[in-house]
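Listed after this line are the structures, all set down as structure tokens.
Consider the two complexes below, in which subunit A is the common component and subunit B and subunit C are the respective partners.
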Partner chain A sequence: MRPLTLQRLVLQCGLLALILFVVIVIALKLGAVPVSLYGLARDLVQALLGQTSGISSDYGLIIIDIRLPRILLGVLAGASLALAGTSFQALLRNPLADPYILGVSYGAAVGAMLASILEPHLSIPASVAALLTPLGAFLGAACTITVVYLLGRREGQIDSATLILGGVITGSFLSAVIMFLITTVTGRDMHGIAFWLMGDLSTPLQPSLRWFLGVGFLIAAVTIYTTASDLNLLLSGEKEAMHLGVDVDRVRIVVYVAASLLTALAVSVSGAIGYVGILVPHVMRLIYGSDHRVLLPTAAFGGAIAIVIADTLARTVVAPTELPVGAVTAIAGAPLFIYLLRRRAV
Partner chain B sequence: MRIGRGPATVIGENAVSQTTLLCCSGMRLSREKARSGIAPWQLAWGFLLWNYFASRRRRVVNRVRLAGLLKRSAYAVAAAFLAIGALHAQASTTPAEPKPLREVTDETGRAVRIPQAIRRIVSLAPSVTETLYALGVQDRLVGDTDYCDFPQDARNKTKVGAILNPSIETIASLHPDVVFVTKINRLETVHALETLGIPSYATDPHTVDAILASTQRLAEILGVPDSGAAVTSDLRYRLTDLHQRLASQPVRRVLFVVWTEPLLSIGKDTFIADAIQHAGGVSVVDSSQSWPQVNLEEVVHLQPEFLIFTESHSQTSMPGIDALAQLPGWRILDAVRNRRYVTISDAVNRPAPRIVSAIEDLAHQLHPEAFVPGGAQHAAPQPGKIGAIEQDLVEESVCAR
Partner chain C sequence: MSSPAQSPFWQHSEIPRYTSEVRLNVEQVSYAYSANPAQAPLFTLEANSFQARPGEIVAVLGPNASGKSTLLKLIAGTLAPLSGRVLLNGFVTYSLAPRIRAQRIAMVQQESPLLFPAHAWEFVLQGRHPYGRSLRFENEEDVGIARNALAQVGGEHLSDRWMDQLSGGEKQRVILARALAQQPLLLLLDEPTLHLDIGAQVDLLATLRRLGAENRYTVVVVTHELNLAAQYADQVVLLHRGKSLRVGPPASVYQRDLLEQVFQTPLSVEMGSNGRPRVNVLTET
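Presenting the complex of A and B:
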């Protein structure tokens, strides 16, 4: 492993940040309503300066109020899923680990659904009620990862195959629970939930939630990053890492909680988007190696880029009708995953 | 690389491309406002960017601890926040367009604030699109969905996408005063519109009477109560006429087939169930769900006298029904053995004024003896006193068949 220099880290993250920026600008430009590049540039500069009055209501509404929040939501979801995937893969020492495959996404979905079912029955102020869904998603995700971890543990060590099987089974059990909830409890539209389960970014976030989720993401991401060097050592095995002075139990709990939080954030805003959490870390590992101090931030950027591209496709391919973004990530992700698998890169 | 000149080039292009842009949207005032007050900050930004890149070139960094990195980025973030905050404080607030609003309660009980005069409408449901045409306000309809196919002219309106996943930005770009939705749309779409300050009004009729009331209410909201009254009074007249004709007829027990695989029918609380009752029938399915999945066993047990299919569904064209008749289960239904199928226009699926034509059609097929002489299935419905708009609708629906 090459020694990490700030220059290398900044260079690599900076390059990805630049790509992300370019992708975001392109995503802002593309959509069902044509927007000129010039109009886009002017409105962006205006918005950056807070001069909302100067923005023409036509483009301004579409770019600043519709596309930008949605793209930022995609950035948040993509970065969260990729970070969660990277840290699960390191912690469980399993290349297949990912919030979707481990069933954590489904756990978060069940939690979020239960919260939204319970919400009307609880007499709580609206500002608290808005937080209920992300909170439910987090509890669901945390419970699921605990169960899957216990299922996958044998004689004090994680057994790779058992863990993945445990995750798949838990996931399929939870998706059955979701089907049950849909058919019995929901008097409300099934369509919405169906879209949400496929992964969909078309629902804008309530303004009160934006800050909550943004801060939650930053806290979880920074927390995971503090364990980056421990995760590097953990790659050689839990016992080995312990001998090298890693407080394995602490790292495990910290990473599980933080990664569950990230999964819950992503699921509560966008539903269950597959393949980003598993593919992006692998691609980034191919490019940047497996030093988690570099891998974690680059994977976050990669996840954001992947989702923004996928969502732009989802918005434009059959415009003005929109596809769920999860369908796009699955269509693009599954063949790419098979390719990586056959190359034995995974 | 002269980064400092970046914004200047953009501004330079301003004058050139502005003229082309103005053609497509009438935003002259706000655009011209946008040009003022840009000069001071462009220099500031240019300086900052230049300074940053220049200092990066000069600095030689080898190994720096992460703590240092974090501290630095914290400074940067703080500085950025301060800058944005200061700029925000300078920025003037948007003066809201003074548009006289009024509060109405929609059919789901939501209080909605809509403009006094509604000039631009987006409809997210085929039934609402039809109703707007029936009321003669189609000129105000600026956008509808891919599924809004009746009358023919509705196909030519700007499409905003499918019912479940329309493009919010296309809707916003049409600047609607109100968006009409129904329960077939997603709640998420309504929320998304709400966030953008676009009011949405939901219709949700569960009976034929409610469809008429809903039409009347829509007419009042749109400021055309007279055409609403004309449409609904004519429909009421036709329904009363139908009731008189069917008064002495036995009630037919029917199975309304929404879908065959799996077998889906209608619940008792739907406007379709009510429409069937208006046509002198009753649905054998007694479920409180809207679109219950029905067990074929139960259907065999209930033995409906007629099976009702709608035209929209390719599976339910006559050859499709013949194929269905070969299947076990279906084979032993009396209605299948006696070939007592009824196919009616898909207007029955839409809670719009045209449903009365579908009801008349169904009544003709269920009770041909009530419409002697002849009792032909394709006889035109008794028109009664029909308003000009409704007359058009009936003609078009007859043509469609």
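Presenting the complex of A and C:
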């Protein structure tokens, strides 16, 4: 017997944090404008000390104002999607569950679009209006998971195949709604929308939203983590978990709300990125086992690492143009998924 | 299997009776299930009563759809009775908070597949969940209790095996060990012998008998195995179409005409030398 200890948890997360840091530094360095490691370190230290005046070079501008926010956005989106995927998989007792396959990402996208369509018609201060998009995304995600959950229930039990089919159908219905909204209401260019639907990190975030999203992520992530050992018991079934003292109804509500919030955060900053929410938890499970007290934080780091790498590739492979990051995760993720499926790790 | 030389547990561990102490008190519980409140109930469990003391094994017998599992859920407190109540040491089981309930009542269910692989020891440690604190890292005491629980079911060697690579009997031991790790007063089992071969079935009930004697658990087991129940149970509750026809020691419940009526098949009942009845199903030739 080797029960989990705090030291082991911290060690494993520390290692992944280190890998994430290295990946971020590499991502900062790579790009259309080459940056030396020395220049990078100097500018970063100066930015951290608040001496922005010292960074006069264009390099500094590129790193601090363009690349770093985009990378941090990727970290946030990746960690959110992986956390949402991990908890959906445990709660719905389905290894295929993730925000993208369950249609929750599309629900969030519809919500975000409706909010941005409504926004000009409402007379509210600009600072509040900025929050409308993530709020709409959250409502869209929460409604979608409720519908898909109800679709997937048969005689009071979740039916795995019905659930996934319900999610896929809901997702395709919602993506048709998105197309409808785009063509009739917004008149926006299809290129940008297509990018956003694939998952795209190139649109910079309004500074006022940064704190809101960061704090929202922390609250949702910590909330999910408090249910980690309940999720472990849910792996052997809702009834069994109940007999082991889990308040199943409470855990279900808490995790659905928190995971919808995380999906909404990810979608409102980056669109519908696929495969991260489903693959990262499986890979981490192969490495660290299925104890959610370890799996949740390691999956969050893994998701962040995966998206930062994918987005760096998206920026650099076909430079000076860009791919949507969702295209990179799909190109890399689909074969990996099939490999895991064939060796029955999924 | 009925000869004392092969399965001596019931003889060795015949428990002393503490008639003063009733632990489980099932008082006139009934339940009705209907798909639609406006319609007549599809299934009704009529008022049932029985009592059990520490160390006693109660077997709930009956054909399919006779209400055995419903009765077990009512006892476990996960289902609200239509009328009546179930008391465990004086507390209504349905009103207990989930964690408190899990500290007092453990349920072994028909095996459900695990979603993701887990070691046997991880599985047994889950039984410590109702005692956990905030982040629920298991401490030395939890590990000791889990290890002891595995030892009690004779499963120390299974500790590092994967759950999905165990045989049916081995898996049932580990599931039982998880229930023991909950340190319950009341141990409930829903058809624990279902997918086991005859040797593993005898082994499981002998283990229950020994555990009941050693740890003073009150055991309620739902089973189809008439002869195993006759060998190991102190009390039998015979259910038929939601009605409890008879409650009492096996020798008094196992009446030929009664069993034939309930199970709809010709059979004979003979009394063994140990005072426990044996049922033989008569096949018409």
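Note that the second predicted complex is superposed on the first by the 343 of 346 C-alpha atoms of A that agree within 3 Å, B and C clash if a C-alpha of one lies under 4 Å from a C-alpha of the other, contacts with A are read in each partner's own complex, and residues count from 1 in each chain.
Methods note: a residue touches a chain if its C-beta (ideal position, glycine included) is under 8 Å from a C-beta of that chain, and two chains touch if they have at least 3 such contacts.
Keep in mind that what you see is a predicted model, and the values were worked out from it rather than measured.
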{"item": "First, second, both or neither for A:Arg42, with subunit B first and subunit C second", "value": "first"}
{"item": "First (subunit B), second (subunit C), both or neither touched by A:Ser290", "value": "second"}
{"item": "Which of subunit B and subunit C A:Ser172 touches, first, second, both or neither", "value": "neither"}
{"item": "Touching partner for A:Thr203 - first (subunit B), second (subunit C), both, neither", "value": "first"}
{"item": "Subunit B versus subunit C as contact partner of A:Arg315, first or second or both or neither", "value": "first"}
{"item": "Contacts of A:Asn232 with subunit B and subunit C, given as first, second, both or neither", "value": "second"}
{"item": "Which of subunit B and subunit C A:Gly245 touches, first, second, both or neither", "value": "second"}
{"item": "Partner with the higher number of touched subunit A residues, subunit C or subunit B", "value": "B"}
{"item": "A:Pro3 touches, of subunit B and subunit C: first, second, both or neither?", "value": "both"}
{"item": "Residues of subunit A contacting subunit B in one complex and subunit C in the other", "value": "3-6, 293"}
{"item": "Sites on subunit A touched by subunit C in the complex", "value": "1-6, 89-90, 93-95, 228-229, 232-233, 235-237, 239-240, 242-247, 285, 289-291, 293"}
{"item": "Of all residues in subunit B, those that touch subunit A in their complex", "value": "7, 10, 13-14, 17, 21, 25, 27, 30-31, 33-34, 36-38, 41, 61-64, 66, 68-69, 84, 87-88, 90-95, 146, 159-162, 164-170, 172-173, 175, 183, 185-189, 191-192, 195-196"}
{"item": "Subunit C - residues contacting subunit A, complex", "value": "76, 78, 98-103, 105-107, 109, 112, 114-118, 121-123, 125-127, 129-130, 132, 135-138, 142-143, 146-147, 159, 182"}
{"item": "Residues of subunit A touching subunit B in the complex", "value": "3-7, 9, 31-33, 36, 38-39, 41-42, 45-46, 48-58, 61-62, 65-67, 188-189, 191-192, 195-196, 200, 202-204, 206-207, 293, 315, 319-324"}
